[in-house]
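After this come two complexes, each holding subunit A, first together with subunit B and then together with subunit C.
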Partner chain A sequence: MKLTLPAYVGRIAFSALAALIGAIFALPLIWFIFAPFNARAELGLAIPDPWTLSNFATVFGNSYAVQALWNSFIQATGGVILVGAAATLAAYALSRSSVPGKGAVTYTLLLFSSVVSGSAAMVPIFLIVSAMGIMDTHIAVILTFAGGLLPTAMFILRDFIDSIPKSYEESAMVAGASPVQAFFDVALPVIRPGIVVVVVWAFVNIWGSFLIPFILLRSSDNMPASVAIYSFYSEAGTPIVTLLAAYALIYSLPVVALYLFVSWKFGFRFFGGIKA
Partner chain B sequence: MTTEPITSKPRRKVRNFSLLSNRAGAAFMLPAGLLVSVFVIVPFFWVIFVSFTNRTLIGRTALNPEFVGLGNYLALFDPATFFQRGQFGFSLILTTQFVLASALIGQALLGLLLAWLIQTVPPWVKRITETFVIAAWILPEVVIGFAWFAFLDRDQGTLNALLTGFGLPPGDFLLEQPFWVIVVFNTWRGAAFSMMLFNSAFSSIPPSYFQAADVAGASSWQKFRDIGLPLIRGHIVTDLILITMWTFNTFTPFLLTNGGPSYRTELVSIYNYRVAFQDFQFGKGAAVGVIMMLINLAFALVYLSLGRKKAPKS
Partner chain C sequence: MASVEFKNVSKSFNAFKAVSDVSLDIGDGEFVCLLGPSGCGKTTSLRMMAGLETPTSGQILIGGKEVTHLHPKDRNIAMVFQDYALYPHMNLADNMAYPLKVRGEPVQKRHARAREVADVLKIGHLMDRLPSQISGGQQQRTSLARALVYPAQVYLFDEPLSNLDAKLRLEARGFLNHLQRDMGMTAVYVTHDQAEAMALATRIAVMDQGKIVQYASPIEIYRRPATTFVANFVGNPPMNLVEVECEQGEGQLLLKGEGLTMQGLPMTDAIGKALATSGKKLTLGVRPEHLAIAAAGASNTVTAPLFANENMGPESLVTLDRGENARITARIFTDDHLNVDKVVTLSFLAEHVHLFDGTGKRIPVAGE
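Now for the complex of A and B:
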């Protein structure tokens, strides 16, 4: 279709507006492209001269900083394993069994998961963790996140399993497989893409979170990177900008990598719909 | 295809053929059920219980809290101090304004505008714009908080450098306009979700509708008002409820302002944190938590009733 002149001008105006909004969104982030590579980085925007990796060397030479990244990894991985395994089993049961009250369970979970947010429930979560005697441990953070993320993870996976024909497992069982075999050997491989999405989503959520570890952890040995990053402040309370910038970049990399992975594999809209 | 119903139907009658027996189904649900019970359902009831006590984090009442009835609630809603800075009422009103300005107006309108714009712009413009809008949304909150701290720095920050470059007066925005800083911050942080939701809603409209409007010579605004908007109404309602709930519960502004200066950005989530973990008043903090959950419950019930009516999920 041939464009008339006003329509053409309109298109250019639309593109210009979209690009302008994109640029405004980019502004607060541009600093992160330069500062990590600048040995004299300050809060101002400056092109590094020369470009250097010395900030990264300093971060990796700081055992506390490396330990914190490792702690983030332990907590996120632990949480993800629990969420992935428990959500898959439960979602499969919700989809395939006829346990009475299934619908009510689903509805109740959906309700509770949106009502009990981390910032509303910080007091009781603290008290429960304290009562269980696991305060200031990785396991406290892992279990809290597993419980909090599970309802959403189950819904995503149940929808996914509902869309898979039952005849897959039925044929396996007709051929003599037990229900458990049908689950592990037939259903599980088909569900795998759904599990990958849930696992990535849960990982990004735990990796990036601040409030729960901030409340549940005390000792510096257990702090994940999201909390440990605040140790890069001098005693006067001013940030050590060079270290912070490099550390923030390293800390963001897994999230960006996973996001790119999911958008490459599944198309980014899917990921967009499921971040809580 | 043809044999399947024949083989599976008699079996279902004979042995109640379900893929998982009730017992196996219950066993499969057990781990998730336990975790969710302990960390989601128990907290819901426990917080109600604690809110009627004078439990503290340290001291005598940490171990032996006493029942104080509605004492914590009466303290929160004490009309003498309710509206004062750093009190519950001030925080609640601040949060309401924050949700209105940053979620319902900022994120939803900006998301709608962006979703409509990227329907028509060339693919490379779309990709670049989407990249930055989504980057703002996926990066860890701590990193975003620090990026904005640097961005807004009075002496060196990028924003003041830009303002000076355009001949405008610079400002110490975190001190002078903290509320509007967190409003813009949250709009920036969360617009991606609305954009993506509306984008997928717009793409689900049959292109022939728009082509017919093109033939009739409709402008972009007319197409938006008369075709796009009415057809995605369900998505808009879904979006508004979700972003309202998330913005109401967000703790991220704490990473930028710490709730200050002098309580001017102390949202209820931050107020809850301060009362419970800095003032050590767990009973009072629990009462704040109960009120937050009641507000969440109201929104969740509206959301679920919508979902039951016609499943607006994309």
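Now for the complex of A and C:
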């Protein structure tokens, strides 16, 4: 196909613009990969010379920062298990049972969910957690996140379960299965892709959150990585770029790994029902 | 195997009455079809037998035992679903063996049994496949196999063939008929396809608006439909229904409609009673296969302009235009349809005529 001159120029201009926008987004990412391996990293982009692991060595020497990664893992995993299990059961009940007003329940919860884990409710949450006597524990963080994420998780999952024909469980029950058997043998495997989506979403949410652990936790032994990252600021409040970069890279790896694992294992595809 | 009985069963969904006061008696070893248009309550009735819905009122008995509020798992029934409901994460062997698994059979035994049934249904070579990896016809047979692996009291079918293409449907229909003859199972089969009901059933319950309109053998339903609804639903194409005016002659009836005349229908008490209540207007019914292109001088004829002339091979459908909702179709089994004109005269015999009163109820004609 032959292009006219204006079309030709237009295409070049479009490609150039796209390349420019791409570069703007790529630069921080390139910095993010280069800086941790550069002993003299600054905020400017520079190819490490020489490549070094000394930044990582220093970070791993900071026992507070290492403990924080483990704390993040405990809080995120605990939250994910609680949210995943509770949301699955609740969403299944909301989708399948004939509870009157179940639609209203879902939407009310959804409305308040953004409030619960948001900064607006920080004071009441602080008071409740304090009254429960679980201040400065992992449990406090896990419960608060579970409360905040559950409604949305339930909403996502209920939608997913609604799209799955009831006849799966019905056929299991007619064949002799109890409702519990039908749920575990038939329904749960079919809705697993939906649960995986919720689990990844909840994990990322908790892993990356700063405010809640910052407020509910006291001792440095319990702080997650999102808070601990501030230990790489000098007393004057300026970041120590080299260590910050190394720690940030380590901090982001579990999330990347989770995505890769899920996409390899489940492909982020819903396989739903059989085509009729 | 067992009998099934409905005693005054009703089911409402909020304000909508899906099934109203249905009583039904299904004998041991009978194959009963629930036939009707969508929304007539046939699937709801079947689901109540299965225990997937609870009646609002009334009683359901299986094998003489009341099961109205019993959980599906405790009814010992088998059901084939319209969408097959095969478990997508299990291979065919596990799918078919699932009812045996929940009955606590060891894995080898249940897979051996599944294989046995699968071989009969000619899907034994697919046991390792997932449901998404087999064709629609094979999926249908898998769901049938899953229902057959264990000895159930009653077999329920919810439009099991409606997702198959025409050729496979005929094949599966024949197989089900064979199976019923072979096993003598008690079966309840829901369908909106009258041909399926006619082919499979020992008795058909024709349903309309939550009620059973007629419950009789297929041949009875075909020969003596209880109402115009049944007459219009059973048969392909359906029975022609024509508004006629009646005049009494000497011991016989004279029928007149637009382009239609008929005489020689013997007068009976029933007809007299119907005329007394409905006035002179009755509905005349003639099946398409009982109409022929009239020979010269024929009596009992209807004349109208030709609307369509469809050749199907062994037969042809000749349709006359008497207005939008009053077309008359004839199934012609000879080559007469080749010589039809723009205006056609069809003839019929008095012995093939059905009469319905003003409310659409059948009036017994002489000899019934």
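The definition used in the following text is that the second predicted complex is superposed on the first by the 236 of 276 C-alpha atoms of A that agree within 3 Å, B and C clash if a C-alpha of one lies under 4 Å from a C-alpha of the other, contacts with A are read in each partner's own complex, and residues count from 1 in each chain.
As a working rule, a residue touches a chain if its C-beta (ideal position, glycine included) is under 8 Å from a C-beta of that chain, and two chains touch if they have at least 3 such contacts.
Quick caveat, the model's predicted, so the values are computed rather than measured.
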Partner chain(s) touched by A:Phe203 [first = subunit B, second = subunit C, both, neither]: neither
Partner chain in contact with A:Val190 - subunit B first, subunit C second, else both or neither: second
Touched partner set for A:Ser167, first subunit B, second subunit C, both or neither: both
Touching partner for A:Phe37 - first (subunit B), second (subunit C), both, neither: neither
Touched partner set for A:Pro151, first subunit B, second subunit C, both or neither: first
Partner chain(s) touched by A:Ala175 [first = subunit B, second = subunit C, both, neither]: second
When both partners are placed on the shared chain, which of subunit B and subunit C touches more of subunit A: B
Common interface residues of subunit A - those touching subunit B in one complex and subunit C in the other: 167, 170, 173-174, 272-273, 275-276
Interface residues, subunit A side, partner subunit C - complex: 165, 167-168, 170-178, 181, 185-186, 189-190, 271-276
Parts of subunit A lying in touch with subunit B, wherever the complex brings them together: 1, 10-11, 14-15, 17-19, 21-23, 25-32, 35, 42-45, 82, 85-87, 89-90, 92-94, 96-100, 105, 107, 109-128, 143-144, 146-148, 150-151, 154, 166-167, 169-170, 173-174, 179-180, 182-183, 204, 207-211, 215, 225-226, 229, 239, 241, 244, 248, 251-252, 255-256, 259, 268-269, 272-273, 275-276
Complex interface listing, subunit B residues touching subunit A: 4, 7-8, 18-22, 24-26, 28-29, 31-33, 35-36, 38-44, 46-47, 50, 110, 113-114, 117-118, 120-122, 125-126, 128-144, 146-151, 153, 155-159, 161-162, 188, 191-193, 196-197, 199-200, 214, 219-220, 245-246, 249-252, 255, 269, 272-273, 276-277, 282, 285-286, 289, 292-293, 296-297, 299-301, 303-304, 314
Sites on subunit C touched by subunit A in the complex: 50-52, 71-73, 75-79, 81-89, 98-99, 101-103, 131-132, 139, 143, 146, 150, 156, 163
